[in-house]
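Presented below is the structure to which this report refers.
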Amino acid sequence: MLVVMQHGASADEVQRVVDTIEELGYEARPMPGKQRTAVGLVGNDGRVDASRLAALPGVKEIIHVTQPYKQVSREWKEEPTVVELPGGLRIGGDDVVVMAGPCSVESEEQILEAARAVRASGAAMLRGGAFKPEETGLLVVTEAIDPEGVDLVAQYADVIQIGARNMQNFSLLKRAGRAGKPVLLKRGIAATINELLLSAEYLLAEGNHDVILCERGIRGFDNSTRNVFDLAAIPVVHGLSHLPIIADPSHATGRRDKVIPMARAAVAAGADGVIVEVHPQPDRALSDGAQSLYPEQFAELMREIRVITDAIGRSVAEPLPAVSA
Amino acid sequence: MLVVMQHGASADEVQRVVDTIEELGYEARPMPGKQRTAVGLVGNDGRVDASRLAALPGVKEIIHVTQPYKQVSREWKEEPTVVELPGGLRIGGDDVVVMAGPCSVESEEQILEAARAVRASGAAMLRGGAFKPEETGLLVVTEAIDPEGVDLVAQYADVIQIGARNMQNFSLLKRAGRAGKPVLLKRGIAATINELLLSAEYLLAEGNHDVILCERGIRGFDNSTRNVFDLAAIPVVHGLSHLPIIADPSHATGRRDKVIPMARAAVAAGADGVIVEVHPQPDRALSDGAQSLYPEQFAELMREIRVITDAIGRSVAEPLPAVSA
Amino acid sequence: MLVVMQHGASADEVQRVVDTIEELGYEARPMPGKQRTAVGLVGNDGRVDASRLAALPGVKEIIHVTQPYKQVSREWKEEPTVVELPGGLRIGGDDVVVMAGPCSVESEEQILEAARAVRASGAAMLRGGAFKPEETGLLVVTEAIDPEGVDLVAQYADVIQIGARNMQNFSLLKRAGRAGKPVLLKRGIAATINELLLSAEYLLAEGNHDVILCERGIRGFDNSTRNVFDLAAIPVVHGLSHLPIIADPSHATGRRDKVIPMARAAVAAGADGVIVEVHPQPDRALSDGAQSLYPEQFAELMREIRVITDAIGRSVAEPLPAVSA
Amino acid sequence: MLVVMQHGASADEVQRVVDTIEELGYEARPMPGKQRTAVGLVGNDGRVDASRLAALPGVKEIIHVTQPYKQVSREWKEEPTVVELPGGLRIGGDDVVVMAGPCSVESEEQILEAARAVRASGAAMLRGGAFKPEETGLLVVTEAIDPEGVDLVAQYADVIQIGARNMQNFSLLKRAGRAGKPVLLKRGIAATINELLLSAEYLLAEGNHDVILCERGIRGFDNSTRNVFDLAAIPVVHGLSHLPIIADPSHATGRRDKVIPMARAAVAAGADGVIVEVHPQPDRALSDGAQSLYPEQFAELMREIRVITDAIGRSVAEPLPAVSA
């Protein structure tokens, strides 16, 4: 942490900063400069009360050198986290995991039809499923929207999803962190990557290390697409953290004809998976129909993803075998 | 609602849009243009399933003419809503209401000291109070952060605050809408004004018409201030809605020396109130100390706000009389 | 064009809009709705003075159905534009063109060393070159920063680059539109895709149809990367326009270790080319050293791009043969 | 300047940073921390080549402590700059200067009519004037859009305006810096305040110290208003720089009914002036009619601004006396 003094700060003001740092139990290292003095705080253990320093007279600003998160960082754990799911499916390893399905559950029939279609094309997981379609062999990721819902979701789904609007819903995060199931944490629409990692830290702090991040578009000034698909978040997260990160081109773009190229791009950028909306009959969908792929478009997308994964030395995770009745 | 066809859309495709609109129970009005045809949907009652139309072949986009909210709009209710609080305090009328206090409660002593200080300068409401300082005559606004907390807050506070992070926490909104107390709804950091009004609609839909909106800064690309204080939201909301709107310069700017000019600017822009952080000893504050005013700065701010309200034909709401023990 | 009336607009006010539309020489088509009336303007030839209508009493807003650009649109020209460069190099066809080189020219020696290195790995064009390294067979793209510079650049370079800061420098655009050389137009840091296309329209309007667009990152709220690399712009532009579009991962991310994955992603998203910074000795570069690739990193990137292009049925444009002295 | 090392940086890597700093002629001060080491560079005179350090192995990032601008900063010159205009009009002192007029010149008659109307209400300067209406006593601010135009504008206008699109057109800035007339520099639509100040530095570096800054709205994600009017820029600029700053509510909001409250807010926030569009017949305006005030609205605005300036201890600059023929 660096305490930057104002240009005209007096020697007394600098001294008071030094004294306060030492009072707080750290070492102070003044650095006089041509334009102003800065005072380094040495030994920051992440618990320094910066606002006490910021409020001292003559202080211009506080610069943080250390990230505010810990367990999610690469510096805490060098090797990538691989989330192990039932049946041996793994997220964060060499395989790219494809999750697909309708945006919302309309009927058991609709879900089963969608599940069979995406399974046939090679998806390994079903999104949006409230019913567990055992017969298909698909694992299920389901969103929990409030703390009470977490346990129910944990009971039936293989992965608990925390949606973008709830990325900073800390009571929900805490509950999910204790639910004993992997968590898929989506980036908030206006969240920085640092904030995404801080939210993930809440999950790890509760003892849940099976966390998968998800880039799903951020708010921008251009409405050509629904959101701005910030694909650079993928290598950035991989640099800062050991957690896997997947991408959601359906919500990011909001338009069916942009989903296929952007899913390809996500895989090429190094995503550990993609999650896409597929609906048996998009033009009859109750919600977000315009961004859902037709089953045959999804089949084409799977073919293209396979070639891209080959190109970058990865492969597509195979779905688990279907269960015969 | 306007269904815009692609340039090369065929007559059959246009006809299918017309048929679908009629099938949905509305009237279709085709408008052939030089570059493309558009089909007007007449009689939209707000329940048209746009995605069914968007997904039809040859459709380029859907343009919404009608706002997606209802009861919060000026068109639904022409005269401004005045929220009546105990003791006759009113928000949304001629008076500008000032709410002040510390960011977080550190001790009963700290809160009482803050309450006495802001009351002495003329604030009518205390922010951040968990204890109700009856003696001071200040009304209290307290944040509820999850659905379970709403009832407790409703029991002790005069106004329930929904924070920016929870603006789209719909289970929280629903609970607050049924709690029988006025609600202060803060704009999310990346929320459009339309989205703010839609969230308010949730409260009104539950039967709670005593809703106060709050502009508190939106996310931008420049970190000179913590957020971008979007003061134009005040006249924009006043144009679109009958609900009162206040402004929070402390969270918007994050810096003490910017709070005073921006509070003045908010009042000049027509805000129905301001909410500011004041701490008896900002350099000892546990959180957000750097944005809290010193009591004497708050006194000066109150003097300036009084002159501005005079200038625009309004006045500052007086605090209720203190209760003698 | 749709003129949306206010909720309480009178019949007279609607009539005045109808009369004004007819006075302007177009046909008016009123559409009464549940909440408000809208009046369609039929026959818009792109020259309607919308502000005359917007200023009429009772008018709420004007909604534009037609894009404000013409010759750059897919509706004007269905088949993709292929820009033909000397020696048969083509941008916008099946081949993906790679442009590489240093950010700024430091010496003839540095440029030649860079040119030889990127040529050896398979780049077809040199960026940032003021000297034309004839011997290498590389074509050259050079930026013009003011109207006077255009002719000089046109004389020595094969493609004239208009930088992001100058995307709306209309006197520069006009001059470049008349210079008789293909133009590479970079998207401004805060430009919508519509604005990018409108700037391209200026070039086409001057008679220059050889225009290549370039996505190079837009301003966002997160400084994890220098800009937000808006790769969805690639399929969006391909949908709206017949012009080719390339991508610049170096300026978009500003960080060397993000350039390779994002260049791959750009190609997977359908970019017609990429432009990357390569420097013989990045740690000695006078500018932007931190985002320049080492020659051996560039060689690796070329290998990866080749595999991705294969995967999506394209190929990498081969450089022209070197000229023997 | 602070060179932050990666967590696992070796002692050799730290030493190489120290050596490079010393090689560059500065003093290095290593600060070992719990998570990582940082190396302070002492004596930064603003000419350190940061990219050389950023590119060294083991370096995570470079943190700049010193602003990149000099002469425009408060630290360079403590007392506020007051720009002196002909006839004794001053910008940056106690008086708030109001500039008004049409967006574009349509005819000499229109300009004269506008000039007389805004002069009658008390404006001191005319915006958008190509003709100098000597008779009215108004000073004139006119935009120069390319380097060649600067001299012509300097010959006829009292203040040369650099528009938002040209804020980083450095050849234009250099020419304007040598033109011998005060310059009004508008903030670019996506420019940070730091970038605005850097552009102003170009003008001062050419010897022109009579620079007036202007906040006119920045790009945001909500299209309720054309831009986001970032009024906090006013106290921020006043904190960082000695230069005066005015505000343009017409371009910022783009809507007539928002101009009056936001002009009031700008003055309350401490702006040294406002610039507003006024047109004799807004519904006949050739451009931007929807944001131009009617003359009687402008008269009302002037009354309100006078009361606000009184409230904050300032006054409105009186126009110079009209010249009798």
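Side notes on the structure shown:
Each chain gets a letter, A, B, C and D, in the order it is written, and its residues are counted from 1.
Heads up, the rule we're going with is that a residue touches a chain if its C-beta (ideal position, glycine included) is under 8 Å from a C-beta of that chain, and two chains touch if they have at least 3 such contacts.
On a predicted model such as this, the values are computed, not experimentally measured, just so you know.
A count of contacting C-beta pairs for A-C and for A-B identifies A-C as the more extensively joined pair. Taking the mean of C-alpha positions as each chain's centre, the chain lying farthest from the centre of chain B is C.
We define each chain's centre as the mean of its Cα atoms; on that basis chain A and chain C are separated by 30 Å. Note: centroid distance chain B to chain C, computed from Cα atoms, is 39 Å.
Each chain gets a centre from the mean of its Cα atoms; for chain A and chain B, those two points are 29 Å apart.
For chain C, residues that reach two or more other chains under the stated contact definition are 190, 219-221, 223.
Of all residues in chain C, only 2, 4, 6-8, 29, 31-36, 38, 40, 42-46, 63, 65-66, 74-75, 219-221, 223 touch chain B in the complex they form. Put simply, chain D touches chain C in their complex at residues 49, 51-52, 54-56, 145-147, 165-166, 168-169, 171, 188-190, 219, 282-290. Those residues of chain B lying in contact with chain D across their complex are 190, 192-194, 218, 220-225, 228-236, 239, 252-253, 257-258, 261-262, 264-270, 304, 307-308, 310-312.
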